[in-house]
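I've put the structures underneath this note.
You will see chain A twice below: alongside chain B first, and alongside chain C after that.
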Partner chain A sequence: METDTTGFIKTKKNRSLMWFLVPITVYLLFFFLYPVIYDIYISFFDYRLGSQAQFVGFGNYRAMLNDSQYMGSLITTMVFVVAAVVAELVLGMIIALLLNNEHPLMQGIRTIILIPTVFTPLVAGLVWKALYHPDLGMYTYYLRKIGLDIGRGLTVERSSALFSVILVDVWEWTPLMVIVILAGLKSLPKDPYEAAMLDGASRLQIFFRITLPLLRPTLVVALLIRTLDALKIFDIIWAITGGGPGTTTTVANLRIYEVGMQHLKIGYAAALSNVLLVFGVIAGVFFVQSLYKGKEA
Partner chain B sequence: MAVAGYTNGTKYTLWTLRTLVVICLVIFFMLPVVWILTTSLAQRIAMFKLPPQLFSKPTWKNFSYIFTQMPVLTWTLNSLIISLGTMVLSLIIGVPAGYAFSRVNFTGKRLLLIVILLTRALPTIVIVLPFRVIMQSIGVLGTRFAVVLIDTVYNAAFTFWLMSGIFESIPEDLEEAARIDGCTPIQAFLLVAVPLSKPGLVTSALFAFIFSWNDFLFALTLTSPDTATLPLGMLSTYGVLQQGWTYMAAMGVVAIIPVVTLSLFLQRYYVSGLTFGGVK
Partner chain C sequence: MNMKRLMGMAAGMLLCSTMLFAGGKQEAAAPAGGGSDLPYAGVELRFAVMADQFADYTKVLAQEFGQKTGAKVNVDILGYTELYQKITQDFTTDTKQYDLLTVDIMWSGEFAKNGWTEDLTPMINRDKAEIDYDDIMPVTWTLGSWNGKQVAFPMAGYANSLIYRKDLFSDPKEKSAFKAKYGYELAPPTTIKQLGDAAEFFTRPDENLYGLVANGARGSAVAQDWMEYMRSFGAAIFDANGNVVVDSPASLASLKFFVNIFDKWAPPGAIGYWWDDRETAYRTGQAVMQSSWSIARAGYENEEISLVAGKTGMTPSPRVEGTAAEYGFGGWGVGINADISDAQKEASWAFIKFITGKEAQKEWMLHDGAPIRRSTLTDPDLEKQMPWLGEILTVFENGNGDYRPRDPNSNEIQSILALRINQAITHELTPEQALSEAAKEIKALK
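So, the complex of A and B:
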């Protein structure tokens, strides 16, 4: 599109449209780039709200390396992101394939299954907190009833707390995955399927050789959005476990919130969040790269 | 897809299995939804019974309690103003930018796209601290406007991304034709491209509204008691009323009904909008 002669003419003619990009650029410079730069700047200071900032160079970053609580929260975040996103992808794919037909019942299910995704996350957290309640929760009661040993309760035991918050994330976001994959399935070309059918390919072969590669761009976008959002998980965990028991569900965002908003150590919190930002950027670049790779192939 | 070579028995087993899986999944996804609806209508005492009861004698008491004893109306109004504000501002900033992006080639295009994608990669907490400082210095900390401004940072970028994909999928010929008829580029955009991108516009607007309506962290760090939103109100209630699940559920229903209704109502647009913007 960019390389032919008409492309050149088009570019000239449309130059006036560049003004349309001014508001978003100014806005993001002021409210996005400035905060990021401020964050980087302040991370070199020992700055607590209400006191004078002191330059400490890389002191905050060095302190971070010895901060076992933050390092632990980074690991928790990684476990959370990988487990939740993989579960959402696999489950989303299975459900999308199950629902991929035009039976009215399936259409009905498709409509209602989207509800968790638009649920206010804090409300979702509080509802699940009640369902998980160690004494009166419905899930607790029936899990015990079928003979599962859940100790004092799913969210109270160290062994199951992280799993139980991951499950809520899976509940909230799998439907989005389903919808995106379903829409992707609908837009697939028919020809490769007919050819494969003629060749007598099995269902599994068709899925792995045709459906999956063709769905790649859709899946990459879905994975990108989910991964970036999962890195930022806050509401659900805040509501259900508050990061406990102990620090078993303290994800990075929660820890940074404690440091910055409760202990008011702004400089240190900025250093911690910059490290988290690096993870986000790496994930973002990784997915965008693989998206472009898929496009060129 | 034809299931060649399977006997009737296998087919039947497969069908049963499939139905069972679907039923389990529907229960998993719908139970919390049903729980909040029935709990919002339940007597307080029903919450302490074992086995837990999903359905009990319904009452409106919880709703009348939260509306008369708590500032739920104020919270709802704050949520509504903030969400609508974010929606309008995101569209104003994001839609024209998305259009220009899909129609003009310029140096630094990739860079702009990456910067905009970064807003999504940015941990929310990173932006909140400096944002608080900025808002304080321009004297709007604690106002609804401050929350609109920060919600829009995340949203305008998303709107931009979604809309540039949508406009990309609309052939340029129609705008060319309009230009030949004497339209300015801006008229061609407003009169031709914008009406054609309706599913994308609806999707963008809906997302902006939902995102802002559901936000908790930004509201938590930037509002004052007068400008608190529904999620914040809910949290304060939950803390005070220990086992006050019925009130919490009633308030939760108030918090989710608008977004759930809106999204079910607009689902057709929403789904097609998602694919256009997502894949391209």
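So, the complex of A and C:
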């Protein structure tokens, strides 16, 4: 009898608690599931905003294969993501290791280092556009002053434009990497280090044999966050180069924006964005699996 | 109250609030003034205005209109790309965010074809005397006209002109040096050949002086600048029968000239310039000449923003030798959103008549406005302060509003050119390849 009552209470309590899920369920249905389903649905239509939609099956996806601008933009996106995220990871690790001590100055430095992340990417883009200005920019001036050959300007030469926008992303998001890695470093156990030092291990050996393996979950999460974010890159490039010169800095989101928001071809833009979404999902699954593999190990 | 009920209420409130905030702008109240002195008291209008030099004073005119009629006109100033995007999305989603909007001459065909803005023809015919129809320069009606419909009312007319440093062009030393080198007198260019010679002559990188500057950055700015040169070469995007001829020999010659500007005569960074950068290059004395719209002319005399005050001359843009005098005309019309209520439309029409009326136009011209009326262009008071009005009149009298085509696909055409022309000047493609690609893509739009 006692067991039955407890079970009943538990069930009743669980039913009541179920109501707490209502807001997030409503949120997910309206703001996530519906847009995604509609996005997939509309990608099968030739739909220009303001005109009647016509079902074309996989026509938009077939057209995408012949869209050299979009295919090129996917490659540019991949180059951007790999270069920016790897640079942010390496720099983030180095800076985090430097900041990982208890000197009183470190607290202030940790705060200052976060400043770039406070800027919205569009504002950061506009500020860097001014700094990079091919004739009046401060950086342009000093780079030429020290005798560096930057051609007609960093952002207008095809050889340096992509590098220039990657640099801005690295400037803005390396601090996030620093903070995440620093938090990971702070949470590492002390024992393995003491044991390694007693065994006479060098600093490099300690870093590669102890710190890196222990930091793996933290690094995977940091990489996941930044990779998905970098895949969505738009604002910085829109503000600084507008995708040019030529197609040098045209990432996928810029092409999707052009097709959807400027040419109002919503169906086709939906197809293009779905492909980018697939890349995001693949990256997400890859990193999450790495996380579990790490745990199993 | 038990937990179940509480959560039920919370979920209900969340849903209600979602629906509440999902609603669009409420329909503005109909005119409540009736026969009072303020016929549009209670009416609220929202006006999307291009962020050109004239934009700020539009707010002052909106206030004056409010004082006279009781209507409240909210002015939103938007950049070129943002303006097109916002208003087209407003039209296609029927959200009625804007009652009035500035319309680029290029958008006329698209707006007319889709019925996005009200056809003003009946109202123009009804109020012909009141608007003093004959005083409005004929070419300005291309601002908004398409297939017999007037989807925007002329508001700000721009003359495509060559802006040049008159102090340098009249300098005796420069004149004699030029004559010695080229065999003819240095004078403001009227032909493309003279333009090229003068650009070459004044290009002196050691002195940080460059002969001719244009917009090069990928985007609408480079497309529009090239289209101006293209028409000066007698070329066009479409021929009289609507065939795509953007890759014609004349068009190719114009692109080769355009590429030369960036390779030989412009400041090194011009390849990344937008309109404001190009203007800065001229205003800071770095560039000697530029092809520009007359809306910027008054600013060159403002010492706060110009280092070349008192040193600027303006003349209709040079053309290829032997072609008829035909100059680029552009600018902005003002249209009424076709989705809004009749009461809103009537108030919007009253506002259009007010800001384009003789009195307001004169006032507006003194505050960075642009003319549409003959009486404004020949006003003795204005001429005293703006001696360049005669040059604008010449362009208007020989103006062609199709310098940039008013085709219903104009925005996409511009987008195609925005990339292909940029690829030509950055040498990613040869001029032949760039125009061939552009022609292929523009044909595919039909």
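The definition used in the following text is that the second predicted complex is superposed on the first by the 281 of 297 C-alpha atoms of A that agree within 3 Å, B and C clash if a C-alpha of one lies under 4 Å from a C-alpha of the other, contacts with A are read in each partner's own complex, and residues count from 1 in each chain.
The rule we apply is simple: contacts are C-beta pairs under 8 Å (C-beta built on N, C-alpha and C of every residue); 3 or more make two chains touch, one makes a residue touch a chain.
Fair warning: this is a prediction, and the values are worked out from it, not measured in the lab.
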item: Chain B versus chain C as contact partner of A:243, first or second or both or neither; value: second
item: Partner chain(s) touched by A:119 [first = chain B, second = chain C, both, neither]; value: first
item: Per-residue touch tally on chain A - higher for chain B or for chain C; value: B
item: Chain B versus chain C as contact partner of A:20, first or second or both or neither; value: both
item: Touched partner set for A:261, first chain B, second chain C, both or neither; value: both
item: First, second, both or neither for A:225, with chain B first and chain C second; value: first
item: Chain B versus chain C as contact partner of A:153, first or second or both or neither; value: second
item: Which of chain B and chain C A:65 touches, first, second, both or neither; value: neither
item: Touching partner for A:204 - first (chain B), second (chain C), both, neither; value: neither
item: Partner chain in contact with A:134 - chain B first, chain C second, else both or neither; value: second
item: Residues of chain A that lie at the interface with chain B and also at the interface with chain C; value: 15-16, 19-20, 23, 136, 261
item: Chain A partner contacts - residues on chain B that touch it in the complex; value: 1-3, 18, 21-22, 25-26, 28-33, 35-36, 39, 47-48, 50-52, 54, 92-94, 96-97, 99-101, 103-106, 112, 114-131, 133-134, 149-150, 152-153, 156-157, 160, 172, 179, 185-186, 189, 210, 213-214, 216-217, 221, 230-231, 234-235, 238, 243, 245, 248-249, 252, 255-256, 259-260, 262-264, 267, 271-272, 274-275, 278-279
item: Interface residues, chain A side, partner chain C - complex; value: 15-16, 19-20, 22-23, 26, 30, 49-50, 69, 133-136, 140, 151-153, 155-156, 158, 241-247, 258, 261-264
item: Chain C to chain A touching residues, read off their complex; value: 2-4, 6-8, 10-11, 14-15, 18, 81, 84-85, 88-89, 91-93, 114, 116, 216-219, 267-272, 277, 280-281, 286, 411-412, 415, 419, 422-423, 426, 428-429
item: Residue ranges of chain A in contact with chain B within the complex; value: 2, 7, 10-11, 13-21, 23-25, 27-28, 31-36, 38-39, 42, 94-95, 98-99, 109, 111-124, 126-128, 130-131, 136-138, 141-142, 145, 171, 174-175, 179-180, 182-184, 186-187, 197, 203, 206, 217-218, 221-222, 225, 228-229, 231-232, 234-235, 238-239, 252-253, 256-257, 260-261, 266, 269-270, 273-274, 276-277, 280-281, 283-284, 288
